[in-house]
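In the two assemblies presented below, chain A is common to both, partnered first by chain B and then by chain C.
Let's look at the complex of A and B:
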């Protein structure tokens, strides 16, 4: 793979956020090794970009929460390595964008923040401190053509189908086999920020497939200390190995004994999942 | 004034400066030349299939403003909704060479580019007015 970064902005004409996505994309293309992808032409004639997408990685800039650019990448089954959402970043910066196109100091500052976000996403990553067990034993059950696996030891679950495994004061979090099968091909994992303080049942990033976006609900409280950076290049690891290689986030635990009271152990989750699968007729 | 609704979809071009001109021409039309009566449709949203854009273009006459002869906007309308009520190819108005230049940030446009924007906006308004009186 070359180092080419392909930038796909939403380019929406409807709102200021779309215009800002375009400004960020154009600014990025001033750097060497950055290729701009026109969302409309990509939809119309994907072969135009096949070579560069095959050799490079895709960064998406969505203007608003309709996430047209992400959806387009999803519908064409192109894995996203990195993405930002202009509206969400603007909200976090207390900037109201509205409909009219603006070119002023405030939007200049927003463009700058977005550019920084796109260039520093890999910083501060700590080495994993989680000690993996040699083998993970599984129990499985089938429903129709589907087989669902659940690990038996040292895994706890919430009812949102996220798991946590513990090593000392470090928790490793991921999604269950049930989630990955429901989502089908996972194209992008949006991790939380390193250092973020998380309460039990807070959102802990999201994962996105061509079908939908799944919010990761944290089974535990703590501080984010590592994210699985392998997923940036290979989000399909969540499909292939949801309980091991496809882990998502590690947190330093703040109060696991208390959190544990609201979690399910293997036996409880296995029964819960069997009922859920039967009821929803997966 | 007629209460007829007419949509305009601009190319969202990132392949060439013709796309930039098409975007600005449609904004100019919406904000200055025909304020309050132009329904602009967002092409990426139209392609994504959300927001009722496709349904609008099926129900109401819609004009495509394309940045170059690839005519992505026109082709998208015809693929997902129905025949366009009118179309503009910026390259035909300002010339292929001018239209196929590198895409530019709005603040880097020259006087010449801005004159192209006005020309395209005027032509689009002519088509718009002709549909309005039909």
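Let's look at the complex of A and C:
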């Protein structure tokens, strides 16, 4: 497998954020092993890019929250390894973009920040500190043609269908089987930043399928110490093994005893999920 | 107890739903398309067209529709405040139950 990085930018040619996506994409393609993907041509004739996409990984640059580039990749069922959103990054940098195309110091600086974001994300990974239990036991129930699994020991759940498993003062967080079946094929995992401090029920990144985006609502409070970097190359692990290999984030717990009051244990979540599945047609 | 609860608290006692800033909204309806819980309603003949019809259908702590809004017209209540309120209601109910 070659290491080609395919860059799919937003195509908002007439707007500031779109223009910045284009500038970042062109800058990236100056490096070796980077292939630019034209969104219009990809949409019209995907086979034109089949070979590079098969051999390489996809990086997406969305201009704004309409996320046309991400949605295009989703509709063609191409897994995304990495992505940035120009408007979100601009907001974090306190830069007001506006609609009109600009070529000035502020936008140059933003292009630079975006380029850095796209190249350093792999180096930040910290090692997992979680000690896995040898076997996880499950109980399941079926509804129509679906079977839902829930782990029996050492897992707690919130009513937003996220789980947490504890090892000492380290917690692992992920989504339940119900979420992965609802979303179907997961194409992208957007992890939180290492070192980020999280309150219970804060957002811990998101996962995305061709159907929708699912926000991870943290069952616990703490500091993000690791993210599952295997998911960048293999987001399908969340579908295949939502409670084990498809874990999303590790946190160092800050107040689990208090967090626990608002969590469900196996029995309670199993009953909660049965009711929920019976009420909604999955 | 009402039919729908969140963490043991009746859903209608928890104030959690999207707030729309109509000075920013451009009627694109991406949020309506996104939300699978029928929180929104579209009335073609009214102004504004978009309405938060079923606020209690909104999944407490979910802010995902806000992310689909390119114009940032959707906001939500404060999360820590909401958590605090849920805890307070649970505590009060527990105390009331033990007094009986």
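Basically, the second predicted complex is superposed on the first by the 281 of 282 C-alpha atoms of A that agree within 3 Å, B and C clash if a C-alpha of one lies under 4 Å from a C-alpha of the other, contacts with A are read in each partner's own complex, and residues count from 1 in each chain.
Assume a contact is a pair of C-beta atoms (placed from the backbone, for glycine too) under 8 Å apart; a residue touches a chain by one contact, two chains touch by 3 or more.
The structure presented is a predicted model; accordingly, all values stated were derived computationally and were not measured.
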item: Joint occupancy of chain A by chain B and chain C, clash or fit; value: fit
item: Which superposed partner A:215 touches (first chain B, second chain C, both, neither); value: second
item: Partner chain(s) touched by A:201 [first = chain B, second = chain C, both, neither]; value: second
item: Which superposed partner A:262 touches (first chain B, second chain C, both, neither); value: second
item: Which of chain B and chain C A:253 touches, first, second, both or neither; value: neither
item: Which superposed partner A:234 touches (first chain B, second chain C, both, neither); value: neither
item: Following superposition on chain A: angle at chain A, chain B versus chain C, Cα, nearest 10°; value: 90
item: Partner chain in contact with A:72 - chain B first, chain C second, else both or neither; value: first
item: Contacts of A:34 with chain B and chain C, given as first, second, both or neither; value: neither
item: Superposed model, chain A: greater residue contact from chain B or chain C; value: B
item: Superposed arrangement (fit on chain A Cα atoms) - minimum chain B/chain C Cα distance in Å; value: 5
item: Chain A positions touched by chain B in one structure and by chain C in the second; value: 66
item: Contacting residues of chain A [partner chain B, same complex]; value: 9-15, 18-19, 22-23, 25-27, 36-41, 43-45, 66, 68-69, 71-72, 100-101, 103
item: For the chain A and chain C complex, residues of the former touching the latter; value: 64-67, 87, 159-160, 199-203, 206, 212-215, 217, 261-262
item: Chain A contact footprint on chain C (complex, rising order); value: 6-7, 28, 30, 34, 36, 59-64, 67-70, 72, 79-80, 82-83, 86-87, 90
item: Chain B residues within the chain A interface of the complex; value: 10-15, 19, 23, 26-27, 31, 40-45, 47-48, 50-51, 70, 72-73, 75-76, 103-107
